[in-house]
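Letters A, B, C, D, E and F name the chains as they come in the text, with residue numbers starting at 1 for each one.
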Amino acid sequence: MAINWFKYSAPTTFYGLAGKLIPWFAISAAVLCIVGLYIGFVVAPADAQQGEFYRIIFIHVPSSILSMFLYLIMAAYAAMGLIFNTRLSSMMASAIAPTGALFAFISLWTGALWGKPMWGAWWVWDARLTSELILLFLYLGFISLHASIDDPRRADRAAALLAIVGSVNVPIIYFSVQWWNTLHQGSTIKFTGTSMHIAMQQAMFTMLVACWLYAITVTLMRVRSIILERERHTKWITELAEVKA
Amino acid sequence: MSLDIWMRENPLSYIWIGSYAVAFLIFAIEIAMVMHKRKITLQQVRLMREADESEQE
Amino acid sequence: MNKLSLFSLLILVVRRDLVLAMRRRADVLTTLIFFVMVVSLFPLGVGPEMDMLRKMAPGVLWVAALLASMLSLGRLFSADYLDGTLEQMLLAPQSLSVLVLGKMISHWMVSGLPLVLMTPVLGLQFDMSMQAIAVLILGLLLGTPILSMVGAIGAALTLGLRGGGVLLSLLVLPLCIPVLIFGTGAVEAVTSGLSVSSHLSLMGALLVLALAFTPWVTAQALRISME
Amino acid sequence: MNKLSLFSLLILVVRRDLVLAMRRRADVLTTLIFFVMVVSLFPLGVGPEMDMLRKMAPGVLWVAALLASMLSLGRLFSADYLDGTLEQMLLAPQSLSVLVLGKMISHWMVSGLPLVLMTPVLGLQFDMSMQAIAVLILGLLLGTPILSMVGAIGAALTLGLRGGGVLLSLLVLPLCIPVLIFGTGAVEAVTSGLSVSSHLSLMGALLVLALAFTPWVTAQALRISME
Amino acid sequence: MLEVSNLACSRGDHRLFSELSFALHPGQIMQIQGANGSGKTSLLRTLCGFIIPDDGKISWCGENVRELDEAYFAQMMYLGHLNAIKDELSALENLRISAGLSGTELNEKDAIAALRRMGLRGRERLPTKVLSQGQRRRVALARLLVSDAKLWILDEPLAALDVGAVALIQELIAEHLARLGMVIFTTHQPLHVAGMEMRCLSLS
Amino acid sequence: MLEVSNLACSRGDHRLFSELSFALHPGQIMQIQGANGSGKTSLLRTLCGFIIPDDGKISWCGENVRELDEAYFAQMMYLGHLNAIKDELSALENLRISAGLSGTELNEKDAIAALRRMGLRGRERLPTKVLSQGQRRRVALARLLVSDAKLWILDEPLAALDVGAVALIQELIAEHLARLGMVIFTTHQPLHVAGMEMRCLSLS
């Protein structure tokens, strides 16, 4: 019975809890975002070398960081789902994946826009950019595999195995790409924010937190839909207020 | 080429439109998709419930 | 029960294949992502020097498009073959060529068109000029349907053979070389300031030829394969 | 009726797969010919300048090898899956990992090894130096088994899915990028007079890692896919 | 109507049958019998034109079927070992599309009625992938209900069907014969059609 | 020996069966009955461990099969819808290799004897690709002759077999039961085993 409780009621309680938490996360994300953008665009001064262009940093860096962390979190949830057979963890993993992929995409997009004025090219095959691109591919692989399998349980387990293999590979990929690039050319592309202005740091940090909160909000919203969909046969779902309405 | 010139002259607009507008558009689309998904799922669940009820009768 | 006209039969087949593709959206995406990925592998293998990459770009993009449509060709008839639908199609009381043409069209819409739409972004990754990208896209627009149609012949011939995928590429790639040459030639012409119209009109002629003959040839190939 | 030891089981599986491959000699050849053909397409797409071709050569050869083994991976388990043999393998009273390892080994012998043997000829086509060719071959010898083994995981995960081939590449290619980088890196090191031992020893380490873990992971993936 | 004269067919090195002649007239039914491997499937596929016979002639209304081609196809229907249904489509979509491919437009109501008659009530809109072996066979057999072909060629139509479904198929065949249709089939299970003389052709 | 208690299984959204309990002892045979789609195949695949049940326990000699794993596999044999034979290999090679995979070495003489008993005399060395539907099924069933598994799990073993082959299978099953083996199977055709009480489990 104890196992049953663990297995079946975790999504039950989580569904309600998530519903209550979502507005709070959403509001704080919005507020922090406005504050961060205000500091970034109004308070922080222009950079000595890059002029105004550096202001892309406030969205670029948070999304880069998030795309990487979200992969790890996704893989961890997926592994939990695979090993302990907890359904909620697998659902969380598949809820995180699209958000992670979108952040990777934003990072690539903003980076490309930044590259144009800085390097005169939309894209260079720099180690960091390349590994971000590969990260996007890994996300897409996870999502595609999950989408191509119809049986949700098999999909969860297969995608989880892929995510684990991927996360073992991520460090290998990261170092190999870095090494690949430096072997060819010197560090023509090095941006070091050595003496960052304090307001810049504040803005970036605020935006980072805002992005975290946004990611949490969206993930929770998505996971609620997934719970609804997968558990639609259970009794508790049919007794939910929003279903009865 | 004209993009280059425009970019140099209006760096702030370039940043706003290029990065932030796109990023927020993506966020908005993602939120819209998630809400749409929830609506559809709820609809399906309701349909299923009604089907079950009519079966029992 | 009304009889169907040839045209509405064509529409039926195209619609059916598109619906099937939509049910399996992953298929469509994977071809596209394969394309993107193969293109991105080259810089990793060759090195990041922009000059060299820019020169390679049209070749790499065309070869990748060729490979991507080749791979997706394996699916053109094989699913229908395995579940017996193809048998039924051969027994259909209408022209088999029309059914085949329908399948070719939907195959192109699902696997060729997305590649064309993706090309500008990849072109930028290789630092190509806007003009070159435009010509590349035009070339791909004319060329990818040819790949789908010529490939269909190969797909029909290799039906049901194990290892069909590779065998298919083997049969079809040589036939597609002219397309590759004209396509990359057009881009090179524009980057060196020459006129591209001759390359593109040759490609157009190839397209018309393919439209006229490949459906019938493929239908014959299918009859042979089903014996 | 004697019980079989683990080692003789491994031999049995390898022998079986090799016999099957020999009965279907076309399969072996087609992988190889695909490799040759992709490599030969590049000069057509990129143009005939020898300097550039020489520089591109290791990258092109490696990418082509990657693609060729990726394509042949689709066949690794799919035939056994479709005819029900895989079901019986999962019910075998021995370690599934051993069976899987056997299949990986024979896959490499059938699809990896021929590529390696073919490389010198293609290297000469691109005017590579003897030294560079030697390093390229060494790299491929170490690298292609890794591709077979890592690819087997993807093959197991995509088992029975439609459009498996392209999906498989999507899953596996990113994971194989380090192999590509070290392999081409070694050749470039030798052409610029640096030592290659670090690249090759890293690749050796990857091979050992793959040997240790992938059979087990693949076995798990197969169990998941057969549910 | 369907006349076969002096037919000979071999697979590989092996002569399956030769000098086979028979005629099938409207309202008649014929069962092909024979042990495993005696060539039943090969005979049916020859009648469909998939296999080119070594010798002999198959004619439909007096004309050779190889010349008639599409006119012959319009009047016959073949159901083989394979079900010819798409896993991703629902039973309903499958039925409508396969009717379309054989040249007739089928509206949704008729299609649903046919599926219900085959015992698939409630599963019309499920993807056929999730159906069991027997249910998928029923979807394939539903095509018999919506086609106006005169000649039915059925290869082991009863495989995987339960008792209820077998009775249904017998009923369908009886109706078809009453409409002056023709049926030629193979099966290893007994099949009885009420009030009809069953002709048997034994291959050995 | 094989005990099933409170088993519940669902495919997709659909609960196939629940609270299913039975035990099978040496020398016993059980037929799973049920209409198309009632879950017979799913039950057999659950017994093999391919499908993880929603609830309940399957035990062999008192121990849960999920823990026994390979020790359980060594004592059982499953024959499903698919024949598990390779088109390119001959019947003989197929049989020897599948015996090898299930852990026993089979010499050529025994293998040929088994195939002959299955009525494949003269076809032992042909690639199975050229065999008919029923002949391929016979090659698959030949494995029953060369295995020493105690528990046979057979999913529609009679499909595509002619009368002679059905009689042979009945004989094989009778012999197996006499050796104190166990059999659990599904079929839509009648199967009679001489002098044995046939237990039936009906799914609905």
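Definition applied: a contact is a pair of C-beta atoms (placed from the backbone, for glycine too) under 8 Å apart; a residue touches a chain by one contact, two chains touch by 3 or more.
None of these values were measured; they are calculated from a predicted model.
Of the two chain pairs considered here, A-C and A-D, the higher C-beta contact count falls to A-D.
Residue numbering shows that chain E and chain F use the same positions for more than half of their mutual interface.
Among the other chains, F has the CA centre that is most remote from the centre of chain C. Put simply, the C-alpha centre of chain C and that of chain E have 36 angstrom between them.
Centre to centre, using the average C-alpha position, chain B and chain C are separated by 32 Å. Computed centre separation for the pair chain B/chain D is 41 angstrom, with centres defined by C-alpha atoms. Residue positions of chain E with contacts to 2 or more other chains are 81, 127. Residue positions of chain A touching 2 or more other chains, listed in rising order: 137, 140, 144, 148, 151, 177, 180, 184, 232-233.
With touch defined as above, chain B holds no residue shared between interfaces to two or more other chains.
The residues of chain A lying in touch with chain D in their complex are 134, 137-138, 140-141, 144-145, 148-149, 151, 153-154, 157-158, 161-162, 165-166, 169, 172-173, 176-177, 179-180, 183-184. The touching residues of chain D, counted against chain C in their complex, run 24, 26-27, 30-31, 33-34, 37-38, 41-42, 44-47, 52, 55-56, 58-60, 62-63, 66-68, 71-72, 74-75, 79, 162-163, 165-167, 169-170, 173-174, 177, 180-181, 184, 188.
Interface residues of chain C facing chain A in the complex, by the touch rule stated above, are 24-27, 29-30, 33, 37, 40, 43-44, 47-50, 53, 124-127.
Those residues of chain A whose C-beta lies close enough to touch chain B in the complex are 37, 41, 51-53, 55-56, 59-60, 63, 98-99, 102, 105-106, 109-110, 113-114, 116-117, 214, 218, 221-222, 224-225, 228-229, 232-233, 237-238, 242-243. Of all the residues in chain D, the ones that touch chain A in their complex are 153, 157-158, 161-163, 167, 170-171, 173-175, 177-178, 181-182, 185, 188-189, 206, 217, 220-221, 224-225, 227.
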